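Each of the two complexes below includes subunit A, the first together with subunit B, the second together with subunit C.
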Partner chain A sequence: MTKEHANWSPYDNNGGTCVAIAGADYCVIAADTRMSTGYSILTRDYSKISKLADKSFMASSGFQADVKALQKVLSSRHLIYQHQHNKQMSCPAMAQLLSNTLYYKRFFPYYAFNVLGGLDSEGKGCVFTYDAVGSYERVGYSAQGSGATLITPFLDNQLKSPSPLLLPAKDAVTPLSEAEAVDLVKTCFSSATERDIYTGDSVEIIILNANGVRRETEQLRKD
Partner chain B sequence: MVSSQNESSLLSSEGDSQRTQYPYVTGTSVIGIKYKDGILMAADMGGSYGSTIRYKSVERLKQVGKHSLIGASGEISDFQEILRYLDELILHDNMWDDGNSLGPKEVHNYLTRVMYNRRNKFDPLWNSLILGGVKNGKKYLGSVSMIGVHFEDDHVATGFGNHLALPILREEWREDLTFEEGVKLLEKCMRNLLYRDRSAVNKLQIAKITEEGLTISQPYSLKTFWNFAAFQNPTVGAEGSW
Partner chain C sequence: MFRNQYDTDVTTWSPAGRLFQVEYAMEAVKQGSAAIGLRSKTHVVLACVNKANSELSSHQRKIFKVDDHIGVAIAGLTADGRVLSRYMRSECINYGYTYESPLPVGRLVVQLADKAQVCTQRSWKRPYGVGLLVAGLDESGAHLYYNCPSGNYFEYQAFAIGSRSQAAKTYLERKFEKFPESSRDDLVKDALFAIRETLQGEKLTSSVCTIAVVGVGEAFNILDQETVQALINEFEISGEEAPTNESAAEQAGGDADSAPDQSGAAAEGEAAPMDI
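Showing the complex of A and B:
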């Protein structure tokens, strides 16, 4: 007897690209606002960035229903943390929580490709990059999603990142100024938009620093 | 004589295991737009059974509480079950008797959770839903798919509507459409669907929801044009064909 085969998939890829860059005293987190399915665009104005805590912002691409569910789980866990500890979660703490949450569904994963950006307890920019099942690493910058393969080599070149094999380990946090980093991010997205069909419409950029949070939007090609 | 019956399926106790599904009776596209005073939605009244158009008076646009309107495509029996869930939701909302009532944003969120949770259990409700409404002057229009993908926008469509209607809406939609302009725009899209979607039927309803309330029109048909020159003598370029 042949086994029945599913004629539907519980997953879909709703596309999009996310980038984050860590600076000495700031962090830039950005994502495009296009949501697609197959070769169709569902909407041009959808935010992939979620504020998890005062100093932690997560940008996620992949399967939107899983991304939203993940954002809800983390927000809710953060609220409980605040009730229990009477303070906000630090970015590195949130990073570990995200990893654990993803691995919890190791055998029916959240199809979400995440970049977590924020300020650590010293006020320095920190970026954490993840795969769908929770393996993560603190880095100086990262790109995830459909345009990641186009953006990462460009960032490697422009930010002149030190080799991860060096000893003692050299920090990849960029010495660029905040304005230069934001400009670099805009360049990343306009380039990725040219060649990646799932990236475009507009890019939402969040800049986190000692003074607080700032939000910028830049229009991208809509084709 | 070896029995051709498969004993394993009779003896195995898979119990309640409901897994993969196929849709049986389905509705086709639903389209929705925001306009000056609220939301307009359109859907035809067809219920297809595979390639047969089996039912021609299926109401796919329904009221939900005081402030919302739902339109569904996909499996009709699953839509009927969703209406039962929503009925219970609104009932409990009313029973609180606290002057509060669920708005379209809340109902949309509820539907998203229902669809996503069924998808997690590998037992989806085979529908694409559009939820629209107005509460306290704020217009809301959202969409949910059978696997829980959801978003809101000024114009949404399900199924074929995404390919045939949305491009028209994206080109011609404006923030300040009047009711008449909105209806004309939706009819333009529905006509396009009628020509090109084989599961569309020429009997549709348009629903309007504003702060004041909801009205769903009586069913009516669209005028179509088939008098193209190329249709008059179709074999003129290929003698002998039919």
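Showing the complex of A and C:
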């Protein structure tokens, strides 16, 4: 009495890892650039990060076709918002929109594991972390994707922010400086690359602060 | 036009082959405050007169950004204009989503025209009471179209709609031959002069008009009040003669002192700036 299984799946996992860290006046969003399928590499140079608004960047691992579709939907919705309100969406507003968009497909989900990073209306860093169907939470830092289990415990230890597992929930923005946070992210990815076969090639790092946006790339092991 | 027995329904023809309701809708456009558009090979400028009902109220928005490469100025029932702008924005967003490229202007105006035509052939609808000047840029260059309530549309080098637009049209007819090669700033200057024509002697200030530009390397944007006022002052437009081609050269050659004297004399004379 075994259940009959489908001989075709609409989903594929393209692997990869995403991380975001919120600081007092900055936000770091990073993702590796390797795209895989099964045990093969499709490309070493694919960006998983998308700019949703001036102050909101989304990094997504999982099924990149769904990620691309999700990015396009959010982009179009943001255009509509700008026409109606004559301004850009704030990061918390975009966070809610992403959640609603994901839940809209509750019964045929976007296979996307997202982490949204940006600056809130006070200029403080904010990071939101999601599951595939839109459950989300504002946190001080987060990792998603194939290397998440390797990175998260390291960040818990190194970021010196109050643990997100404590109750009552504390504002978990890290006291580290921007340079220290970027350095930590590079260390995270180097370590994850060692043990996770789906993470590597290079890491794309976006740093958002009051002065604007900066982009850095760091090479990782290609094996 | 007078009331007659064929003008109650949009679906009733008159014996002369006219649809009076559609023509009445075009009258609504003529009653609205003026909007003008003009284009060169690389830029399109839209300008409109923004008169508030009273000092206490705000101005009505008559120019809308539809997409980075398309904008529209309206004359007539502004509510209808707002609804059509929303439709145009939606079409641009959907096209961009599907094709990851900007909607060609010619396609958009056809869709708009077809939408207007529907309202001329349904007994339960009425025609849109708004005329739209659609300015846009696409692969085939800069375009300016006029969409009527009748469902017709035409492409123009320059056009004016709304009340007292004939004065602006006369000015544009004199100048349009040099528009294709005009620079962006010259186009804006001509737009301001054309607006001044419709004001028939009233002082041209940035609180009375709105200017928007779209062009190669410049996304559609509405110029802010300070910029417009600075341009008006720079061109010394506010109460003075619109320079003809000959006197423009003279003024450019002369110094600042002679210009106010010339204009003072002209203002005291006949108030018909079209007389050269």
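The rule is short, and it goes like this: the second predicted complex is superposed on the first by the 210 of 223 C-alpha atoms of A that agree within 3 Å, B and C clash if a C-alpha of one lies under 4 Å from a C-alpha of the other, contacts with A are read in each partner's own complex, and residues count from 1 in each chain.
By our rule, a contact is a pair of C-beta atoms (placed from the backbone, for glycine too) under 8 Å apart; a residue touches a chain by one contact, two chains touch by 3 or more.
All figures in this text were calculated on a predicted structure; none of them were measured in a lab.
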Which of subunit B and subunit C A:Y46 touches, first, second, both or neither: first
Report for A:A65: first if it touches subunit B alone, second if subunit C alone, otherwise both or neither. first
For A:T129, decide between first (touching subunit B), second (touching subunit C), both and neither. neither
Once chain A of both complexes is superposed, is A:S146 in touch with subunit B (first), subunit C (second), both, or neither? neither
State whether A:M35 touches subunit B only (first), subunit C only (second), both chains, or neither. first
In the superposed arrangement, does A:L79 touch subunit B (first), subunit C (second), both or neither? second
Does subunit B (first) or subunit C (second) touch A:A6, or do both, or does neither? first
Max touched-residue count on subunit A (subunit B vs subunit C) belongs to chain B
After overlaying the two complexes on chain A, where does the subunit B footprint on subunit A coincide with the subunit C footprint? none
Which subunit A residues qualify as touching subunit B in the complex? 1, 4-12, 14, 35, 37, 40, 42-43, 45-46, 63-65, 68-69, 108
Could you please specify the touching residues of subunit A with respect to subunit C in the complex? 72-73, 75-76, 79-80, 83
Quick check: in the complex, which residue numbers of subunit C touch subunit A? 65, 86, 89-90, 93-94, 96-97
Which residues, counting only subunit B, touch subunit A once they are in their complex? 6, 8-9, 19-22, 112, 116, 119-120, 122, 124, 143, 145-153, 162-163, 166
